[in-house]
Amino acid sequence: MKSSIPLWQRSSVRIVGALVLLIIMGGAVGGIYYTQIPPEQPIPFPHNFHIGVGAQCSYCHTGAATGPNAGLPTTDKCWGCHQQIEPRNDNLKLVASYGAEGKQIPWVPVAIQPDFVVFSHQPHINAELTCETCHGDLTQMTVAEPQKGQNMGWCLDCHQKMSTPEEFVLLSDCATCHY
Amino acid sequence: MTELLAKEAHDEKWGMVIDLDICSGCQACVTACSMENNIPFVGEDEMAYGRGMQWMRIRRYWEGEYPEVTPDYQPMLCQQCGSAPCEPVCPVFATLHSEVEKINLQVYNRCIGTRYCANNCPYHARTFNWFDYEIPAPMNSYLNPDVTVRRRGVMEKCTFCVQRIVKGRQQASAEGREIEDGDITPACAQACPTDAITFGNLSDPESRVSKMVRSDRAYKELENLGTEPRVTYLKGGKSYGG
Amino acid sequence: MAADVKPFIGSKASPHQESEAEELRKEHLMLDPMPRDEMNQMVMEAMTTTTRKWWAWVIGLGLAVAVLLFGAWGYMIATGMGVAGIRRPVFWGIFIVTFVFWIGISHAGTFVSAILRVFKAEFRRPFTRAAELMTTFGLAAGALYPLIHLGRVWVFYWMVPYPNARWLWPNFRSALVWDFLAITTYLLSSTIYLFLPLIPDMAMARDRSSGWRHFIYKLLALGWRGTEAEWFRLRKAISIFAYAIIPVMFSVHTIVSWDFAVSTVSGWQSSIFGPYFIIGAILSGVSAVVTILYILRSTMKNMDYFIRKEHFDALGKLILVFSMAWAYFFFNEYILSWYGGDAAVKQVLTLHATGPSAWVWYTMLICNVAIPWLFLWNKKVRRTPWLMFIITLLVNVGMYAERYTIIPLTLGHQRNPFDWGIYNPTIIEVSIALGTLCLFIFLYLIASRFIPLVPVWEVQEGQMSHTLRKVGKTEIPSVTELE
Amino acid sequence: MTEKISRRDFLKISGIGLTSATVITGCGPSSRYVTRQAYANMPEYNQTGVSTYYATTCKECPAGCGLIVRTQEGRAIKVEGNPEHPVNKGKVCSRGLTTVQGVYNPDRITGPQKRTRGSRTTTAMEWQGAINTVAEELKNPQKTAFLLGLQSDHLYDLVREITEKGGFGKPVRYGTLGTLEGRSTLLRATQELYGFDQIPFFDMGNADVVFSFGAHFLETWLSPLAYSRGFRQLRKQPFGKRGYIVSFEARQSLSSANADEWIPIKPGSEGQVALAIGKIAATKAGVPAPAIFAEVNLNEVSQISGISMEKLLQLGELFGSDNKAIALPGGSALTTRNGLDAAKAILALNVLVENMSQPGGVFPTFGENHTSDFAAVKALIAKMNAGEVDTLFIHGTNPVFELPASAGFQAALKKVKTVISFSTFEDETAIESDYVFPDHAALESFGYQRVLLGSDRETYSSIQPVVAPIHDTRATADVLLAAILATGGNLASDIQYTDEVDYLQKTITPLIEKAGSYSAGELPTFWSKWLQFGGWWKTTSELNSSEIEINLNQKLSFSAPQSAKVGETFHLVTFPTQMGDGSGANRPWLQETPDPMTTVTWNSWIEIHPKTAELLGIHDDDIVEVKSSTSDFSVEAIVYLYPAIRPDTVAIPFGQGHTALGRFAEGRGCNPAIVWSASVNQAGDLALSDTTVTIKPTGKRRPLARQESKEGVYGEH
């Protein structure tokens, strides 16, 4: 062994190491970022505007109070109002074209749970939770954005805050969400 | 709302009674369970090697010698033991007792697949996903959206159709009433052509199951192990009543 | 050094005594001192000689590990546990059998090293290192199995207690969590216990090597200079560890046995399983030490100086004793379950002897009881290394059969005959089991060229203490008795 | 009309398939976002995540049980029983439960096709072309034949109307379930002895003693769920009373297994045993034995049947005692050369104990029965062979598979110029056809079924689509009506229905006037209730205790039952399983549901008594060659050593042995129909229980996929 410079002190080794680290970290950051950005919607629906003109959430997402899913509005629902609105811009023209042809708008749901989580809106609405508790302040959003940190601990946190210790025993039961 | 929840939870203790005198052994419950709970079919070779995924199996022994020979049927499913051998051995709490329904839960997404619970179940009621079983499209269309489709490497077993229990409770609570006897029926009891399976709340002394459990024909499988099964069998056979 | 040390028996020697002394020197390593430097050189030579054959073995085994172990395991992870032969009701098969086997093997290292050290058994000196290495590598091979046998190995870390967003912890009531913790503890402590006596030897090697070897030994020697204070602390540390690791060792195998004993499986649920497993483990472990010593002796340079017939003889006696102890527990298990009258247990135990796989049970009894009892009382057999090699291999086959009987064969015949099942291991399972064997040998091969397999300083210390010392005007032997 | 119903659109269900991928973390980028298509015109009651339930009728067997199908997002999820339905009262059997596996079966025919006979090459067609083809074929009524299944459904009624008005030959019906239970023999015997034109309703539930002569009332007999309910009722009578069942048959079936006594009698001797029991019972009751029973020689019967005299007397006295007794004529008694007389003897037992139209007795049912027998099929085959059939329409049956090979249907089919199948699957018959114009699957179609068996009241069970058709299929009734319209001429003016739903509505209009479980002022309301409740039926039981005069003073003559040479030939019993007529074999969960008696899955087997097997040197899981002793046909079957069968009898289940019908059915087990003897009994039914076979080991082995542990249950290693 001629060289007296230890392995870890060689610059080439250090550069390669740094690069590998960078790629791994970058991949992780990119992956996380990718899951956090809102997906591309067929029409960049401006939630803030519709709330601004006084639309209730349940006007379009009708199922929340009565069932597991809040649901996404049909073209009919959009067309009901938009028929009377002049298609001033491209997006409105898109709505008009969907409406006129009676085609469905392929909305991409944003607030979804993995398949092993059973979530029902109904009990949460009955417990008088508001929509923005989980879906964020939509007056500030155009398209719906996924909310950060909605993991199991977040669910449990809220269940604990909203209940007495005895109730929490029941509300933290696995079968509340998983079966 | 929360009051109702707490009250109900204290009142729930689901149990099943299977009357072996009228159980004909026809296997309709087995099919019903499989169709309700997204149980995959595994094919001939795997079945031959004891890897069938049926949550419910009908044990058939033969009694007597020809010509007095007769089969002895006993539907075997997870007994939802009150003191379940499977629970303490799971290293990650993937199987545990539920506080609300008082049944054994199997949390698929927590399971890491040690299969210890299955070894420790004296009823052999647990099945393991040896592979990712494919249900060829479009046959996957009939999968029940209320029940998780399990992937390879996790344990599964009868859940007393917990999805139906939860739905029934939510329905009752939405209607502002308590769950009534007979509101909730698991798929097996619903299908059973001779109504040999009865399901209900054991903590209600007036429920049908509670009455049947007090029958002098009632027994529990491997009771001496102290597992406190929630499934009660009513003795049948030709000696009874005839 | 050799000049001022004289074997005590040979000090005032008649010709007859001379030859007797020569005999004894041949017989006992401790009485056959060698100049320190020469001995160091011998060990260094053994360590640095890498023949072509050795390379062939290393490469071959490396490939075997890659294919048999990691290839098969990877295939199993990608496809599902179903590629193994386990089925309902036999949910545990070869994986757990091999797991218990390796944990058992790993026992003897500590037993031989720590217990014999605590009891100051002098014959231990040349092979403590070999035994300790066996412990560590056996554990390394065995500790893979709790991972291999998981249905979803990618979430194995859920068994580790750590704070997480799900508010979930492992279930401390589960024997598998105890297992996990016990094995981790044992692996850690046995590695430290291996490392402590290695420090002076590393320093020795450091001073006699150059290049990358020098670099590595320098790191591992932790700057050992051999001062009195260092020796004092080292002895203290070794002695603390030797005492401390014994209960750990006992607990580990007890806990492994609890995986079975705390269950409701008839044939497992037994209060005797703790000691039964420990005895079995020591029996298989000591046998494995003999197997390894034989291989070391016949393949490595200069090893026949260090490892002599006396060692085979002594270990042979140990094996005989443990075989008897094992038979006692085995007998106990049967007599008590017969006396207890639990029909299910009785049925299981009867089926072991009469069922379709009864040959496994008979293999177990022949290899574990009949063969040691028939042969090991004989000194000639005990002193014939190749015979000992075969016998100890067979004992380990027997111990494997014991675990096979206890795990899949017991599981297959539980309380309800309708659900009985015969377990057929598949090629994948066997391949993984063989893969870990290859891994063990591979690690051992690599280690044999990295660290001195003989604790040189301990041997030298022993030889020193078996010389005569002057106390006042009389010469007395340092150690009064040789075993 | 289908447009009206296809209001549910399909959710992209790829998410379900991807479940496995998301189980690890739930946040894999690939499965993070699922594109969902909103409903184009979502009705207010149909909400994502909420199930909708539709009532319809099970089409898996001819019983006509009412179903409630759970649907969600336009997919049929689960089949449940209709609790209101008079046949099954909310219960459902394995076959019905797997209906959805038929609808979503990957091996369905996806559209009309022109085929090359005998091969699997197909050419896709347009429906217009299909209709033109049918129209062309309909122009020649004399040389056109219809072969339909056993279902007494709207299609049969429509075809009958078409054939009557258009001058076609009467439609021929065939189904193995009918054959196995000797349905037309039973009908003939009822007509001749009881004098009414229906298969009677046997009120098992209210009886005290049931003598079953091979009736598989828990498996497939007539209306299995109705009789399963009867079985329960029998066992759970008020005040803890428990009915007693005695079953006579050579091989213990599930029904016999649940009987209190199983009498393994020699196949073919059932009729004489019934007579003997009648004679003893009459003596016990202290009445003179009617002529029909009087002349039977008890010793002879004991000898023929293998029942000891003592047992015979005991049973006869049990039947004749004060209990309410009933005798059930089942398949194994009826499908022999003496079948008709056996049926009469058994039916006469009911007259003897005076249970006609009494609770716990035998009742006439409702509506006319149009069962057809094997003789009609034989006549059709003869016509085909004679070149008198140019066009054959086949719907709801699979004759190439179901008919005995010795009947020669497949050869006769070659003489038919055009064979048109309406099968939803590529079954054995579809492969031998020129065209397949696939009908909708069960849960996609409209219709009704007249319930003729198993209901205690007049019942029409409605069929409605619960999901939109997933393939380019079309209702056969629609195809026929469209073709008739295209043909024009007299037929088109006689058959004035615009489509299937129009036909249904016109057919059920008379029901509005009848008092049923609901009433409606006009058709649209009636129609919606008809669909909502799953049919129409009377509110209360209509089993009335009208007097029926029956003359028992006739004589029956029995020829000696077919005998098997000891150790050489064996009686072959063919019994039905959950596969029914074989069409269930492509439902993977029916395959995987264990057979109740043997726990075997995914295969068929031959049941041999262990002692017989020992004599023949045959072991469990050996493959043996089963050869008909009257013809050259043989099949290979895997041996199951079955302790509950006569040593001189072997048994093979029906339903497996498909050479077509999709990936789940093909190449499994054997089809016993191949070795059936094609002889018929006096009523024209196939005398398949007379089949005797020889058994020869082939030296091959194949382990059966059984759920039981062979070692644990039988002590074998």
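Note that the chains take the letters A, B, C and D in the order they are written out, and that residue 1 is the start of every chain.
The definition used in the following text is that a contact is a pair of C-beta atoms (placed from the backbone, for glycine too) under 8 Å apart; a residue touches a chain by one contact, two chains touch by 3 or more.
Computed from a predicted model, the values in this text were never measured in an experiment.
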item	value
Central subunit by CA centre of mass proxy	B
Contact-richer chain pair [C-D vs A-C]	C-D
Rounded Å distance, chain C centre to chain D centre (Cα mean)	67
Intercentroid distance (Cα basis), chain C paired with chain A, Å	55
Geometric centre distance via CA averages, chain C-chain B, whole Å	46
Mean-CA-position distance for chain D and chain A (Å)	52
For chain B, residues contacting two or more additional chains	50, 52, 59-61, 108-110, 132, 148-149, 152, 154
Interface hub residues of chain A, defined as touching at least two other chains	114-116, 120
Interface hub residues of chain D, defined as touching at least two other chains	16, 19, 23, 26, 49, 708-709, 713
Contact graph of the chains (line, ring, star, complete, other)	complete
Contact set on chain C toward chain D in their complex	152, 154-155, 355-356, 413, 416-422
Chain B-facing residues of chain A, complex	114-116, 118, 120, 122-123, 126-127, 163-164, 166-167, 169-171, 173-176, 178-179
Contact footprint of chain C on chain A as seen in their complex	1, 6, 151-154, 156, 172
Contact set on chain B toward chain A in their complex	1-2, 5-6, 9, 96, 98-101, 103, 105, 107-110, 146-149, 159, 162-163, 166, 170, 173-174
Sites on chain B touched by chain D in the complex	21-22, 24-28, 30-32, 34-36, 41-45, 47-48, 50, 52, 54, 57-62, 65-67, 69-71, 73, 108-109, 132, 136-145, 148-152, 154, 187, 190-196, 238, 240-242
